[in-house]
Amino acid sequence: MKELALIAVPFVAAIAALLWPKDETRPWLLPATGVVHVALTMWLLIAPPPVEPMAWVAFDPLARAVLPAVSVLFLACAAYAVSYLRLRSERPNRVFVACLLAVLGLLSAGHQARHLGLLWIATEAVTLAAVPLLHFNNTGRAFEATWKYLLVGGTGIALSLLGSFCLGYASLHGGGGGDLTFVALTAQGAGLSRPWVLTAWVLLLVGYGTKMGLAPMHTWKPDAYGEAPGIVGALLAGAVTTVAFTAVLRVRAVVDAAGAGVVAGRTLIVIGLFSMLVAALFLLGTRDFKRMLAYSSVEHMGILSLGAGLGGAGVWAALFHVWTNALTKGAVFLSAGNIRRAGGGRTQDEVAGMAILTPVSARIFVVCMLAITACPPFGPFFSELRILRAAFADGQGAVAAVFLAALLFAFLGLSRLVFAIVDGRPRAAAKKTDRRFRETAGVIVPPLVLLGLSLWLGVATPSVLQEAWTAAVQALFPLP
Amino acid sequence: MTGALNLLVALAMGLNLLALGSSRLPSLIRAAAVQGMVLGVLPLLLEHEFHGLVWVVAAATIAIKGFVIPGLLRRALRTAHIDREVEPLLGFIPSLLLGAMAAIGAVAFAGALPLRPEHAGTLLVPGAFATLVGGLLLLMGRSKAIAQVCGYLILENGIYLFGLLLIHATPLIVEAGILLDLTVGVFVIGIIVDRIQREFDTLDTRKLTSLRE
Amino acid sequence: MNLTPAMLLLVSLCGYAIGAAGGMLLLRRERPANVWCFGVAALSGLSGLLAALLMLAGGTGTGIPQFELFRPLLPYIHFSVRLDALSAFFLLIVSLLGLAISLFSLGYAKGFFGRKNVGVLGALFNALLLATTTMFVAGDLWLFLIAWELMALTAFCLVSFEHEKAETRKAGVLYFIMSHIDAGCIILGFLLLFQASGDYSFTSLHDIGAKMSPGKRDAAFLLFLVGFGIKAGIVPLHIWLPAAHPVAPSNVSALMSGVIIKTGIYGFTRVCFDFLGTPPLWWGVTVLTVGTISAVLGVLYALMEHDLKRLLAYHSIENIGIILMGLGAALMFLHTGHPLLATLGLIAGLYHTINHATFKGLLFLGAGAVLHATHTRNMEEMGGLIKRMPQTAFFFLVGAVAISALPPLNGFVSEWLTYQALLQGFGTTESLMRLIFPLSGAMLALTGALAAACFVKAFGITFLAQPRSAHAEHAHEVSLTMRLGMGLLAAVCVVLGLFPTQFVRLLDPLTQQIIGQQLSAQLSLANGLVLGSLTAKGGTVSTLGLASMALCLLPIPFGLWWVFARKTKVRRGPTWDCGQRGLTPRMEYTATGFSKPIRMVFKALFQPHREVQREYDFSPYFAKNLRFESHVEEVFERRIYRPARILILRASRRIRTLQAGSVHAYLLYIFVTLLALLLFAS
């Protein structure tokens, strides 16, 4: 019942937000819902409910391994949103708040979906619900970004629908009933028609890869993250991408069962490394720090894809990375949002000397940059180390070398830009910007908490999470 | 039954070429609308027993794909007061050639994949792939936002065509959900097109390149 | 109460932590922050020094203290601390330098009052010492790596302390990037080791190389060579060092040159001698070659510098090269089965490590004092400081003599040991590789001569003659604590120079633990003063004897003068000034002029950029205006780093055209990817 409440509570709150009369108090619905959601996911994490095998929606091991991260990230963003929306009181927030809540509900549905069609519906709906969030700023650039997001994302999501149908046809052709639940597909295993499985795999990978932002399908990301408010970026990069990633994982389990695991693994590794390299090269050149975060997200999606391609230990590490990436990305987007507000620009040509203007946010931003580029002792370091170890254990020395090279370039690009923004003297443009921006607790504490969680996750990964990831890996790829 | 089915699918494939060859937006919209209606009829031919819901779904598909969405696009065209030329990035002749090649390629690709005996004789799979590629070509090769929306509609039609293979296997609620999602998707795209028209005073997406590296 | 090394070590670690915390609490009150941070750091350094000495003096029989940090806090990961002899030796270095530099900083940091936040400086300084000390005594990989990264991070913060200057920012980021690369290499290397052992503790990694395949072992060796080499500043990975050391506050420069680059030596020694097992021949050859090249190039580039701190930074590269020569020879001897000679090489390397730490720390502190008094790093603007700051000048001179390897100071002892190792190596193997020993020996001799020349220049231009600028004119002696810090290190230079045998005995537990040999019994003769050689062919030297001989000889010239020239009349007159009126500083020998002969000899290497512009009215003999520009750019910057940077940036620029803003192109990418993956998967 609680698993359905995870979906229902945000929707009820979304409807309440639509009906709520006052702009000033409406944002408080966000943290309220977030708290309930986190409480529910934590309860479910610690005491996982029994899973009905044929259920379409269930808090199964994979949902248990990932959904709490989404929930925690949402709560931090929700807490930040209260202060943020007060700063942006010139914009009506009815639709914004409602859509944020709807996104949470749909994410909960997507993570718990055990039916390919249902998963697709949830993912597509998340895509659509995010549209009003993206053009919240109501500028021409925001609409342009939204248009590209819709067109590129829509095409990708359409391809994943075709892939879902192909997988269904693979079952049908192999003598099965064409049932699209993952349980049934996995059970059919080698009975699935191999050519159709491979076709389906490619289509689903490209489709959900577009949603994740794997290169070269990542093109919507810099535009969308660059134009959307920080919280939206944080949610897109840390939460929406994970639903696509779990979709890829679930499909990969089916493909593995069908005996095409080697091909699937190889494609994931190739596309993962390609994403990392492309992102790293973009990071070296970009001058806009919000777009920089988007490319960093592309890089981390590449890391996830690589982990997923490396088999059991890699998947475990990738699930770990989902957590560390979500929490750290959340922190980096929120602190970047502060700098964007206070600095009055987005490129290194417009913004400098933020260490003087917003000392706390600037410091958090630098530490976040270190965390996201895998400096110990933050979480991403440990999860990426696990992926590296998985690559070594798999005998993929070349993969490990490319992985490290891409990490290095990404680090060069990120640190170059971050220090250009933080160091030096403030630019004149910053003086005439939003005077209302103050480094209050409301905009400082959420990123700080996320950063602290990322640190905690790195040095002392709670055993309940480790156990949850192990369970998820075992459920996805049972040992023969 | 198969004959009628193949006839309709072939019609849909022909409409692809028509859409690729249209030089004016209204005729492009019309091609997409007719294709949507043709596809709406297909479930009636495939379904063995006719219960009410099938009729409802078919009617809804025809209504939405054939009338509501094209109507919206036409309205947008009227209010935008724009030039009705399609203004291709990819010329009509190359588009048609590529579309024809896509149709041939789709037949070859479908031939390479194993099919169930009841589908082996139909054009469903090649038709689906050809329509899909046709839609993608429109998306990539047309500069007007409305033309791209038509491309997206045609792309979806291709997927819908493929989905007919699974019509007996997929639960109706899933199908309805998918249909609903796609419809809302096109609506949302339409809204954004409208906002872009107001913001930029153009529907030429070649102008939308201020976000770049 | 019985003081154990473990307890003292813990006190030292806690002290640094408390010092750092105090600095953060006293952010707005600079005077208390200054006293608190550096006072606590000095005491912690003292405690660590005692711990190290107790441990080393205990001899070979002492058990290795081990304990775990944060036991109750972190139930999942165990951070174990282990103070074996190698760790204790490096603990000695960091604590000694920590103590001396903290004393110096008590006075030096006053220069930042009202200008920069001393609380932050003090907190970071303590944090750096904490991280470095922890790294030296770490007993497992996790703690080692975390301390390693924290060390890099705090060092980066300290380097960019004065980040309002563009030069500092650039150097800081370069340092940061190189640190990141070295961390990456080290992590990768340790992963290879970890694969073979399956355990994180250093004890389990001992001799793990025997269990690894040769390919993996070689890969690990190369990764460590690059990783630790970047930290140590070997050529050609040294690029960050001459940039970062000069821009840091001088106390930090001293710490970085004295200790932080030695962390690379520590890691390299730990890994190569403790973990990787018996080395193949080429490891030693590589290390020896790299060391020789670093030594020669380091000193050559140092000669070209007229920025006092950059000059010292290049000398760090030279000395790291000398250390690696000893270690490389030791690796070769391990391969050829001469453990005693290997011990000699190892001792030579490590002895030079602590020597370089003391005299380079001293020289950087001296440079800091000069900087504090004159506010410039450019030697061409100094001069005449010996009259204004005599004690600083004396300490700097001690450091300069030591680094030039002149007896009886400590630099001489370790270089002599290195010569012994190299010269005796020729007979150890029949292969052609033995030629490398005399070659390296010759290069070491060249290095020593050039270093002496360089410090004649550094000391002469900086301290002698007349002041070349108003800054130098108004310089004054620095405060007592600063002199105290320098004095301490100068005293250590003398002690390490005069009592080498005693010090070598302290290293017995270390060599026993690593190689299973002890050198002190072989080296010292009966009276314990003489550094002897292992075989009949080698030489014997006693610095204490040399020093006492010098002391005995000193009265002789005075006696001669007293006997023969006492009655001679002394006439005092002005220095001959070629008929000009009075001597001005512009007539003095400049640093650039001093190094010109060497610049000309090594023209092929330096490829100096020289530009002269003359303006004259009617005859070229009466120049109205003359502009002369000359600078030397490093060959590695020109040939390796810049082309690589340009290549990467070009790739980055090229790939940006992918994101050209056209949604049509974006859709095309998806389509192409789809087709490519379909082909790939089928």
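What to note about this one:
The chains carry the letters A, B and C, assigned in the order they are written, with residues numbered from 1 in each.
In this text, a contact is a pair of C-beta atoms (placed from the backbone, for glycine too) under 8 Å apart; a residue touches a chain by one contact, two chains touch by 3 or more.
Every value quoted in this text rests on a predicted model; they were computed, and no experiment measured them.
When every chain is reduced to the mean of its C-alpha atoms, the one closest to the centre of the whole protein set is A.
Taking the mean Cα position of each chain as its centre, C sits at the greatest distance from chain B.
Separating the centre of chain B from that of chain C, both taken as means of CA atoms, is a distance of 70 Å.
Here the CA centre of chain A is 31 Å from the CA centre of chain B. In whole angstrom, the spacing between the mean C-alpha positions of chain A and chain C is 45.
Multi-chain contact residues of chain B (touching two or more other chains): 136, 139, 148, 205, 208, 210-211, 213.
Annotation for chain C: residues 656, 658-659, 663, 667 touch two or more other chains.
In chain A, the residues touching two or more other chains are 147-148, 151, 155, 195, 199, 222, 282, 285-286. Chain C makes touch with chain A in their complex at residues 74-77, 145-146, 149, 153, 160, 163-164, 166, 169, 172-173, 176-177, 180-181, 184, 187-188, 191-192, 194-195, 648-649, 651-653, 655-656, 658-659, 663, 665-667, 669-670, 672-674, 677-678, 680-682.
Residues of chain B that touch chain C in their complex: 89, 136, 139-141, 143, 148, 205-206, 208-213. Those residues of chain A that touch chain C in the complex are listed here as 147-148, 151-152, 155-156, 159, 195, 198-199, 201-203, 205-206, 210, 216-217, 219-220, 222, 263, 266-267, 270-271, 278, 281-282, 284-286, 355, 370, 373, 375-377, 385, 388-389, 392-393, 400, 404, 407-409, 411-413, 415-416, 419, 423-425, 459-461, 463.
Across the complex, chain B is touched by residues 115, 117-118, 120-121, 124-125, 127-128, 131, 135, 140-141, 143-148, 150-151, 154-155, 158, 161-162, 165-166, 168-169, 171-173, 177-180, 193, 195-196, 199, 222-223, 226-227, 282, 285-286, 291 of chain A.
Considering their complex, residues 656-664, 667-668, 671 of chain C touch chain B.
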